[in-house]
Structures are given as structure tokens and as C-alpha cells.
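Common to both upcoming complexes is chain A, partnered first by chain B, then by chain C.
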Partner chain A sequence: MRHVLRIELRRSPLRWLLPLLIALDLAMLFGRSTWWIGVWPEASAAAQLPAFFFGILLGGGAAWTAGRVHRAGTTEQLAAAMQPRWRIELPVWLSSLIFGLIAYVPGVALAFIVSAPDAGPGFLWPSYLLLGACLITLSVSIGHLAGKLWQSRFIPPIAVAVCLFGQVMVPPIRFYVLSGHVQAEVSPSALITRFTLTLLLTAMALTLPPRQVVRDAGWRLNTAPIRGIAAAMLFSGLATVVTAGPLLVARPAPADPLCSDESPRVCVWPENRKYLGTIDAMVARLVALPNGVLKLPDTFYERGLRDASVPEAGSDFQILAGPVSVPFFLSSAVTARTVPDCEVPQDVEQQFSHEVFRLDAYLQVRTFGNAAALGEGGGPPGVDIKEIVQVIHLPESGQADWIKDRLTAIRQIGANCHG
Partner chain B sequence: MASVAATTIPFAAFAAGSLHSSMGSLEQAATQRLVRAEVVHVVLSLLLAATLISTVTVVAGSVGGAVEAIRNLALYAGLALVSGRLFGRSLSWILPIADFVIVDFWGVDGAHPHWWAWQFQVYDNGWSWIAAGAVLAAGLAALTLPPRIFGLTITRFSSSTSTA
Partner chain C sequence: MGPVAELRGVGQGYGRREVILDLDLDVRPGVLGLLGPNGAGKTTLLRTLATVVPPTRGTVWICGVPVESQRDAQRARRHIGYLPQHFGFYPGFTVHDFVRYCAWLRGLPDSAADAATHEAIAFVDLSDRSRAKMKSLSGGMIRRCGIASAIVGRPRLVLLDEPTVGLDPAQRLEFRSVVRKLRDSGTGVVLSTHLVEDVAAVCDDIAVMANGRLIWQGDPDSLAAAAHPTSDGDTPLERGYMSLLAGLRVSA
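On to the complex of A and B.
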């Protein structure tokens, strides 16, 4: 068996695809974004994602490898062999799987190496890595099955692409995650059902006879029920995956979140510790405004650390693709406390919100340190970003006065203000 | 319209892949007459594919999408023909799918496609048409040039093709 596997590995057409798969994996890992580096769950999810994309090519390659019997005209001979079918097909399938896993491992190893310095003690999350390995196995098995079932040279790769890329349209049966934010984890039941479905498909890929054999040799093998049973099992397997619920579920809040010593405090999930200093500096820029013009909360929490029923938890900050999303949340938390509670007559509503938006835009820029916080053409509607940039270059007391002016204007526009 | 960026691939791969013949390696040395027949074959199957996919897209309610489908078909067909030349005609799907994987992953910057993500452009983007036409022209050139000049077929793949 091992000898045959060695021959298969040496002869597999996938060995030509392997450098391409490895290059694709690494390019996808590092070539689009690098903010995932240093956060274990994010790094794990980032290492997992390329598997989804190169799985389409890998599955096509597995289909081509498995279709070899048809191209060589040995379909019938194989069906009449003494050996059970799975023993003949196992080395072929395994060789494709090994090439897929070889393409996957360098990305995982590099994701670990680059993350370790920032992320501190810990390791990549096995759940995400298993999910990726599961998807690779699934790709190979679908490819093997399709390449074997159809004698056509064109249907198998297309079938593979439809099965694998079709997941984009059907979220309940997805085998991948786009990112692994710290508030979420892979649901064990979702992972187990996916793993089981993969095993089921693998068993089918190894044991089902090609369609041609079923058609031409019906006298020898009563195979019709086998295919019926396989289809029924596949359907129930898919149904189980769907009923197992979403792939990502909310994590329980950590008992001891990571908090800064400054006042006000900043608390983040322990996995996000590389962001603590950055966000602390953002809050420090707000604190530095003189004369107490701003009302800051005692603690800024990251989303998910407090129970969602706490009234202020809705404005807890989120780290989305790096810290650039944080100023938005910090600013709205501060604005909510600082802007007085007013009754706003309908005819001045627009004027009122314009003043609030100006203040909000200023706070975002102040928090982040520059106007990049608002993104290109971003920021609250109707706010002149150039004016905000001018304000940010005033001396500290000038900026505080500008804020005071905004608050005075807000009080004048609104009615019955308090707070 | 992102969906025709993917759904046109099978049409293009089938159209180009239908050139496959079990005498492929012999036919590479055939006369110009066969080459002309092959060009007619590809053009007609692409016209058929374009009619099918654009009709379905129009019926589904998107005239712009139908126009984009035709452009994407031209783009992928060019890639499929080059792929068929490189790896053997049975493997015409490799380059279109590889192209899609890469462009789908990197081609969109936030909300807007990059200029080179031709299959994601709106139908009235002129450059995407020029690019699709150029890729199709390259594919047709790969089809018509004699193997001596463009003889890059990787025989390891196609050897198993020709023995079938």
C-alpha cells in the first residue's frame, strides 16, 4: 500500500499544481491584509481562508486525477478487479489529499511564526485549522467523486467549482469563515457535523462505482440501491449540518479582561492585547483636552465584555480589521455622554444634528490622530472635513473652545436641555 | 453584477474544451484546413453560449448583466483557449478558474473593483471590453498558431489525453 502511495504521489498531476497552490495560499494569507497578525483567533481564521479558494483548484485537480481510469480506458477492468474498490482508490485519493495538506501547512506555520511575537502566549486555534483541513478534505473528496462518476472531462471540474463556490450563496452549509473576531468561536456541533459530512463524502468517493459501470454492468452489480442510499445519506448529512446551527457562535465573556491602568480604563479581550496600547493612546488624546469639556466614561469596554443588557454596551467599541474602526465607537460613546439631552423641534432637527455631527467628526479625528479615521470621503454626513482638520491643528485650548462653542450651539438650537 | 463573473466560466470552458479530440496530438500537426474548422467551431459554440447565457440573464431581469455576461464569456474563453493550448484541451478550465480565484480574492477594494478586475466592471466600462477582446484574441491566436511556434503544450498532461 505504501509503495503504491509513493507511486501515486510521484505520478499525480497535482504535483505540478502544488507550487501554484502553495504560492496562492501564501499570497492570500499575506497579500490582502495583515491586521490579523498577532491575534490568535484572527490569525487562525486567516490561515484557514485560502483553503476555500485553492480548494476549487485542488478539487479540479483531484477530479482530473480520479478521471484517469476513464481516460486510460480501464473503467471496466477496475470494476471487475479482485480488490475491493476502496482499496484501489484509497492511494489515489490519499495522494490528492496529501498535496492539498502540503499546500495548507506552510501558511499555517507562517501565520503562527508572524503572530507569536505580538500575540503573546498561546497558539493558533485548532478549531479554525480543523475547519480548513476539513474543507481541503471535502474539496478532494468532491473532486475525486466527480472525476470518477462522470466520464466527461468537463463536468467534474465544473461540478467541483459549483459545489465549493456554491457555499458562498448558502451560508448554513459553509465550510469556511471570513475572519475570526475574538467575540466568536467555532461551534463544536457545527464542526463535528461538517467533519462527519466530509467523512461521508469521502466514503462515497472511495466506494461508489462510476456511472458507466452502473449502466453497462447492471447484470453483475446490483448497484442502483447503492446510489439511492448514497444520495439519501448525503441529503441527511446536509440536513444535519444545517440543523447543527451557525458555524460561529458567541463566546462567553472572559472572567478577567485585559485592562489598562490609566484613567479612564480601556478593557479588551485578552486575545486583542496588541491593540491595548493603541486604544489607550486614543483615549489619552481625548483626556488631554483641557477644561473638562468632554464627559468620559470610567471604562471603555470592547464589545462583548459587558452583558448586552447594560444600557451603554451598545456603543462598546469593536475592532474591525484593525484599530481604525475604534475611534468611531469611542467618539459615539463620548458624544452620547457629552451632548446635552434636548428636545429638538422638528424644524431645527437638521441644524441640531449638523452640530452633533461636526462634534462627532472632530472627536473621531482627534481620537485617531488624523483624518484617516473618517476614511476616504467618509465621516458623518454634511460635515466639512477641511474645517475639522483646521480645528485639529489649533492649540489645545482653542480646540476646547471650539467644542464648547458646539455644545453652546446645541443648547441654543434644542429646547429644555439638561445634562 | 457579480454572478455573471462566475457563471460564465462553465460556458467558456465548455466552448473551448469541446475542441478536445482523442486524436489531439495528431491534429496538432494537421493542415490549415483543420485550424479553420476549429476556429469556426469555437466561434459558433461561443455564439451559442452567448445566446444561452444572455437570454437567461435577460429573462432573469438584467439587461446590463446580459451584456456583462457576453464580455465575461469573451474574457474566459480567451483564457480557456490559452489554457487548452498549455495543458491540453481537456484542461481548458484551469486558467479561467485560476483567474476567477485570484480576481475574486483581490479584485475588489472595499466596494469598487480594481481597474484590472475586468469581470467585475459594469457593462459600460470601455477598458474591460478592450481587455476582454485582447484576451480572446490571444486565445484565438493560441488556437491558430502552429505548435512549432506556440508549442508549449505540457505533454505530461496531454499524453494521457491522447491515449484515450
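On to the complex of A and C.
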């Protein structure tokens, strides 16, 4: 069969599509974002995701390849072949799969190469890479099956696109993840059920006879039960995937998180080592304010390192799409400790929240080092964001005075303030 | 030498429609011409011999082995080369790739398939075009390539369904020379055709079918001798064939 596989690889229409598949793989890897670089699980998820995008194209190509039997009119010759049906289909299916995997490899290799310098010892996580490979296999099998079932040139690729794109609408049966944050990992049971469903679809793609052959019947006089059984098995497979639970599940906290030596300490998941220095510098900017105007915790923890039942765990920082999200969490944690606990009369509630917002926004800008921490959004009506941003250009003592003014204002607005 | 294929009491039909009725036939080494009007059951007979469809009644033997199940059919196909009426091919394949692919379909092991492919391509005089893509070939060359795909691995039974349709006179002459070479190699060939002159040129034996039945079998001289003086036709063989069909109409 190796010789026939070589023929299929040489003659497959997918060979013309390969450069496009690779281009799409790399474009989706680097074109969306680059914050995943240097964090193994994020890089793994980023390398996996393009399989969803080029999988649709690949599935269409597989459908076109499998449909050549109808276009070339070789069903009669294949029906007279000594080789069983599945062996005839196998090299065709396999050639499509190989082109899909070839398109997948450059993205995976590049994700590894660009991540290795910052991510430290380790490798891309196999579970994410397997998920991508599973999606590629699924795309090829759906395409192959559609190409066999419909004689039309256009319906099979459209059917493939609908099937594969349809998973966007149905999260429980998704075969991809958008990101691989360190607190999560691919659930083994979810991965196994997805592989099982893929194998089932592959078996159907290889063994179900094309429609033309069904019409001619031949030795297979009664094909209705075969199709009924196949449909029932497919339904069961889908149900198993749905009941297997979410694709990403929480990871147990590491026994030895990575922590800085400074005070206050910053602790992150070991996989986020590249961000430790950056976050430490953020905390250092808060510490640098004179006269102890801010109340800082002893340690800033990344989300998931502490048990969720710890009262302060809710304000632990998260690294979402890079460190840009961290100032928000750090400032929230500091504000919660620094701002006194007051009873706020209803008529001054808005004034109170504006003052708290001003302080919180300033802390974000101070922590991050510039106004990018606040993103594109403005503040509530009556709050001048530009004025807040200007505060970080004041001398350190001036900034400390500005914070004190905010805290004084908060105490004056509120009633029975403590802390 | 014994028959390469035998049919005994074979019936064949699609649904309620009977296409072949109670047919007995032996296919021996040499060329058997299968003549008959449209709808006579020639293609169905070839598909039955090719084991593509099982007979609804009776038994088919291929190389002395009865074909009674799909498993039997798949074993028998090792010995059968089949060029269907609507011969399909993959335009992007080269001649070599396509014949090699058909050798694999026939179940030839890799060790033997390459040599068999070269032999089959040489047999139909396409060696100089073996690297050419199928889509670049003329109609005659495609037919020759089809024959190469049918004879690769030297099957003992070769079934050719209307192989000269659409060929120009020169291509038909080329085709006949290929069939003669097959005959000389001891292969059993069944040639289904409407063209009596093809039968006259290459066949040792002729079977005439009409309405799903075998109405006559004999050598070309006997068919020519059966000609009625007033029958239509330009050659004795054509007149013999037309006489048989006319006799059938009268009896009906």
C-alpha cells in the first residue's frame, strides 16, 4: 500500500492547497496575538488553534479528493476490485491526513522555537497538540465521508464547513480551545472521548460505501441497517463527548510556586516564569510610594495558587492575554486593603464610588507604568481620566499627597469609616 | 484447456425486472464475442462475470471455484480483469500511476506489481507515454490504458464492455491487435460489442444475446452461414447476426 500512498500524495489536489494551509496556520498563530510566546501551555494552545481554521479548508479538500470517485466515474472499477472497500479508501484518506499534519507541524515547531528562550525548561503540552491533531483528523474524516456521500462538487465542502464551523455554536462538542491559561489543562476523559468519536467517524468514512455503490447494491444487498447502525453510533459518540464534561479542567496548584525574593513577594505558577520579573516591577512601583500611604499584602498570589476558600483569594491576580491584566487585579487588592470600610449614605454613593474609582485608576496606571493599563475605556461621567493619568508625572511625594487627599475625601463622604 | 468461467442457470435482475434468464455459458481461453441489441443483457452478464453483482439465481464459477459470497467474489477478482463500458480514470494520474493503482486494486503484492505494470503498459504499446498524464491522452490511448489496467497481473479472464465505442478506425485497428495478442497469450476474453466487424476480426467464438437469453453460440463461420439471403447487412457475418434477430422477431 505504500506505493499507492505515494501515488495519492503525488496526485492529491491537496498538494496545491498545502502552501495555503501552512500560510493560514502561521497567520492564525502569529496574526491574532503574541502574548502566548514564552508560556508553555499558552504556546501549546496557540499552536493548536490554527487547526480549527485550516481544518475547514482541509476538510473541503478531503471532500473534493474523496469525491473524485464520482467525478471520474470509477465506482464500477472499484466495485470489481479485490481489495476491500476500506483498503481502497485508506490511502486516499491517509494522503489528506498527511497534508493536514504537514500543515500543522510548522506552526507547532515555530511555537516551540519562539517560546523556548523565555519559557524555561519544558516543552509544548502534548494534550493541546493532540487536540489539534484530533481536530485535523476529524476534519479529514468528515470531508472524506461527505465527499463519498454527495456526488455534487459543491455540497460536500459546504457540508464540511457547516459541520466544523458549527462547533463554535455548541461549546460542549468543541474540538479546540481558545487559550491555555496555566490554571487549566485538557481533561483526559474529554480528549479520549473526542478521539473515540474521531475514530468512529474515520471508520465510517473508510467503510461506508459511496451512494452509487449503494444504489447498485451488489453483494451488499441490504445497506439500510449499516447506515442505521452508523447513525446510532455517531449519535452515541456525540452524546459521550457531551457527557464527558468540559474540555478544560482546573489544575491542582503546584507544590512549589515560583516566588520573588522581594517584599511584598509575588508568586506565580511556574509556567508563567517569564512574567515574574514584570509583575515584581509593578509591585515595586507601588512600594516606592513614600510614607506608607498604601496597605500592601505580604504576598501577591496568582489566581489558583491559593485555595479558593481563603478569604483574600478572590482578589488574586490573573494573567489574561499577557501582563496587561495584572494592574487591575493588583490595584483592586491594594484598594480593598487601603480604602476604609465606610457606611455610605445613598445620596453620596456616586461621589464615594468616583473617589474610589480615581484611586483605583491611578493605582493601575502607577502599577503598569503608563495609561495603557486603563485600556480604551473612559471613566464614569464626572471623572476626568486625563487628570488621573497626569498624577503619575508628579514627584513621588506629590503622588503620595494625592492619594492621601483621596483617602481623606473618602472618609469625609462616608460615615463611620474604619481602617 | 478447461473453461476460465462457467455460468449455470444464471438469472439476474434489478428488483422485479429480469435482465438475464436461465443462462448457461462457458468462457474458454480465446476471445468470445458477445453480440446483441441494446437491452439484451450483455453489460449485466459482464458485471455478473466480474462479480460486481451476484446472480439472483444459478451459479458462477471463476477458474473452477464457485462464487457464492462476497468473500468468494473478492478471491475470484484476482483472476478477473474488467474494463467497464463507462471506464473511469483519474485525469491527474500518469499512465504508470493509474495502471499501478489498478494492479494494487487487483491485489498484486508490491513485489510483483511494478513488473506487472510495466508489462501491461508495454503490452498495449504505451511504454513511451507511461509518464504522460491520463488527461493528455487521446481517446484511443485511454482505451489502451484501460485495457492495460484490465490485464495487469495477467488475469485469466478479461471482460471488455463496448471497448471500441468512440474510437476512430485507426484506433480500432490498434485495439484489435491488442485483443489478438491477449488471445495468443491464452487469456479468456469476453468482448461485448455492437460492432460485428470487431467480432469478425478477433473472435474465436460468438454468443448472441437477446431479451436476457443466449439465443445462439458458435464460431464466426457458422454465424455467417446462418445468414438469410434477404437479410440486412454488408458482410456475411452481419447478415447472419441480423437473420438471428429477425428470426427472433418473427417467433415473438
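For the reader, a short list of remarks on this structure follows.
Definition applied: the second predicted complex is superposed on the first by the 407 of 419 C-alpha atoms of A that agree within 3 Å, B and C clash if a C-alpha of one lies under 4 Å from a C-alpha of the other, contacts with A are read in each partner's own complex, and residues count from 1 in each chain.
We take it that contacts are C-beta pairs under 8 Å (C-beta built on N, C-alpha and C of every residue); 3 or more make two chains touch, one makes a residue touch a chain.
Predicted model only: the values in this text are computed from it and were never measured.
Of the two partner chains, chain B and chain C are each touched by A:Gly73.
In the superposition on chain A, A:Phe235 makes contact with neither chain B nor chain C.
In the superposed pair of complexes, A:Phe123 makes contact with neither chain B nor chain C. Of the two partner chains placed by the overlay, only chain B lies in contact with A:Trp64; chain C stays clear of it.
In the superposed model, A:Gly31 lies in contact with chain B only, and not with chain C. In the superposed model, A:Val4 makes contact with chain C only, not with chain B. Once the two complexes are overlaid on chain A, the chain A residues touched by chain B in the first and by chain C in the second are 13, 68, 72-73. Touching chain C in their complex are the following residues of chain A: 1-4, 7, 10-11, 13, 68-69, 72-84, 88, 216-220.
Within the complex, the chain B residues that touch chain A are 6, 9-10, 13-14, 17, 20, 90-94, 97-98, 101-102, 104-106, 154, 156-157, 160-161, 163-164. Every residue of chain C that touches chain A in the complex is listed here, in rising order: 47, 50-54, 69-70, 73-75, 77-78, 80, 82, 84, 86-93, 97, 100-102, 104-107, 110, 113-114, 149. Looking at the complex, you find that chain A touches chain B at residues 13, 16, 20, 24, 28, 31-32, 53-54, 56-57, 60, 64, 68, 70-73, 153-154, 157-158, 161, 165.
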